[in-house]
Amino acid sequence: MGLQFTIPEMHAYMAEVFPELGTRFEVLEIAPYRLVAAMTTLPGDLRPGGTVSGPTLFALADCVYYMATLAMVGRKALAVTTSCSIDFMRKPEPGRLIAEARVLKLGRVLSVGDVLMFSEGVEGAVARASLTYSIPPSASPSASSSSSASQKSARS
Amino acid sequence: MGLQFTIPEMHAYMAEVFPELGTRFEVLEIAPYRLVAAMTTLPGDLRPGGTVSGPTLFALADCVYYMATLAMVGRKALAVTTSCSIDFMRKPEPGRLIAEARVLKLGRVLSVGDVLMFSEGVEGAVARASLTYSIPPSASPSASSSSSASQKSARS
Amino acid sequence: MGLQFTIPEMHAYMAEVFPELGTRFEVLEIAPYRLVAAMTTLPGDLRPGGTVSGPTLFALADCVYYMATLAMVGRKALAVTTSCSIDFMRKPEPGRLIAEARVLKLGRVLSVGDVLMFSEGVEGAVARASLTYSIPPSASPSASSSSSASQKSARS
Amino acid sequence: MGLQFTIPEMHAYMAEVFPELGTRFEVLEIAPYRLVAAMTTLPGDLRPGGTVSGPTLFALADCVYYMATLAMVGRKALAVTTSCSIDFMRKPEPGRLIAEARVLKLGRVLSVGDVLMFSEGVEGAVARASLTYSIPPSASPSASSSSSASQKSARS
């Protein structure tokens, strides 16, 4: 299965479909069944005690796994998370976070995998998440997930 | 175990410890091992397709369970989520969301329970989450979790 | 949605499709979206320290949720667990365990819900599990999940 | 942190503390924060449709992660699972299963990590599990969990 995005294409696509959050990610690597990205925390991401909030780490895992899945299946903006199980293991430092996603199972309708999250430059993952995404069916008979036609109908 | 907060006290405390997110919750009910709260979505909480984003539902579950735990153990602002497993079951409507938390196990160091989330007025939960919180030890020898003295040291 | 099984029918069905494990459950209640059953531990279910093993509690949650789903959708023996998240909260006593399942979302292809497990007569759940089952499509065009025709093809 | 077990020592210890299940595992590799083991299914492990039952895969993940933790912390037979989140991704074949555990966080009281499970010789994991174990404190010299001999070495 070929990769459907280059790094610049992924940045452009995320900015398009998630105007707010999507521009916060810097994709560092796209490979088959694997994607690595960085995100830098903002003041609003922190919580009492000076650590990174749970929802921020959830959003990081969720978006990086979304990109890892889309890298394989193409522009399916409407892919949605159906479940996520996350363990918070170490106190993350405010600053730059690195997330490594791996896709373990990519079926016709589900993508299942996990994400390890790190504070950049610090050994030991701060959190891990396993996620399941539901992949919407291709809208057109030609089934090309990256054709503009299928994209239009997928978003309508 | 007696309740440590009235509803107005909880609103005041959340505004104090989470100046941004904390003011978004309207606590509707506090009972032993149970807390119900509402949150109204903002434009930034939505995602492509007009649904409520995963991180928003995660934040809802996380904060409501935090309040349910603090209602039992007192002002332990530094209680932290250690794990969360969330299932997204139905598409939530933008608007007012209701979250019902129940505390299933309240030990000395851990609080374990779950949260059901609904779109107000719509039957069927939109999501469920199970959470584990780690409760910090009381900081002072007198071990009163609600004394201002122990709170000061816990936050320092 | 009507119930597809009486308690005796469920006992007979479980004995048929799970000759070994299926006979260990005593169904106590079948209601819409809810099923309660008991199981008594055997020596092989225990582990060092005299507690009930994790796999035993997993099997209890898994089978009781399976029955809760089948009570709603009929004789779909091939329904399979796709995910389970389980928290072990208190040390269970050897003896009779009670499991209460509730179905939170019953779609065309997925059943999502949870199970609370108790040591009979002891307050406080020993474990909770959230589960997702994949429901196989009905085998015949008539789509009756309880017709003998669809059952034969489902099992072949 | 040094390894506390060789492969033959682990086999002997598992046979001692889990007389029934413990002898079914063949440890293939013990390394820091990593352990790989095989288990061959028995007729009682299978379920309708000829696949491996969920409880069997749960037991595999649970025991292999237990061994991975003990390999690091020594003979703490009373370590107990506090949570497990498992995704069943592909239909496993009856026969030999391989489980690869990695320990992601090893604290004083908790071990957090995950396990990937495979049908031997088949590409693509059949299941993945994330687990948390609670590690009992090294108690007093008198604290006996099974034999005094195993306790002595556990504390060294």
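Just so it is clear, A, B, C and D label the chains in written order, and each chain counts residues from 1 on its own.
Note that in this section a residue touches a chain if its C-beta (ideal position, glycine included) is under 8 Å from a C-beta of that chain, and two chains touch if they have at least 3 such contacts.
These figures come from a predicted structure and were not determined experimentally.
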| item | value |
| --- | --- |
| Chain located farthest away, centre of chain A as origin (C-alpha) | C |
| Interface numbering overlap (same over half, different under half) for chain A and chain B | same |
| A-D compared against A-C, more contacting pairs | A-D |
| Computed distance of Cα centres, chain B from chain A, in Å | 25 |
| Rounded Å distance between chain A and chain C, as computed from the means of their C-alpha atoms | 34 |
| Sites on chain D at which at least two other chains make contact | 83, 85, 87, 132 |
| Contact set on chain B toward chain D in their complex | 83, 85, 132 |
| Complex contacts: residues of chain B adjacent to chain A | 17-18, 20, 44, 47-49, 51, 53-56, 58-59, 62, 77-78, 80-88, 155 |
| Contacting residues of chain A [partner chain D, same complex] | 85, 87, 89-90, 104-105, 112, 114, 116, 124-125, 128, 130, 132 |
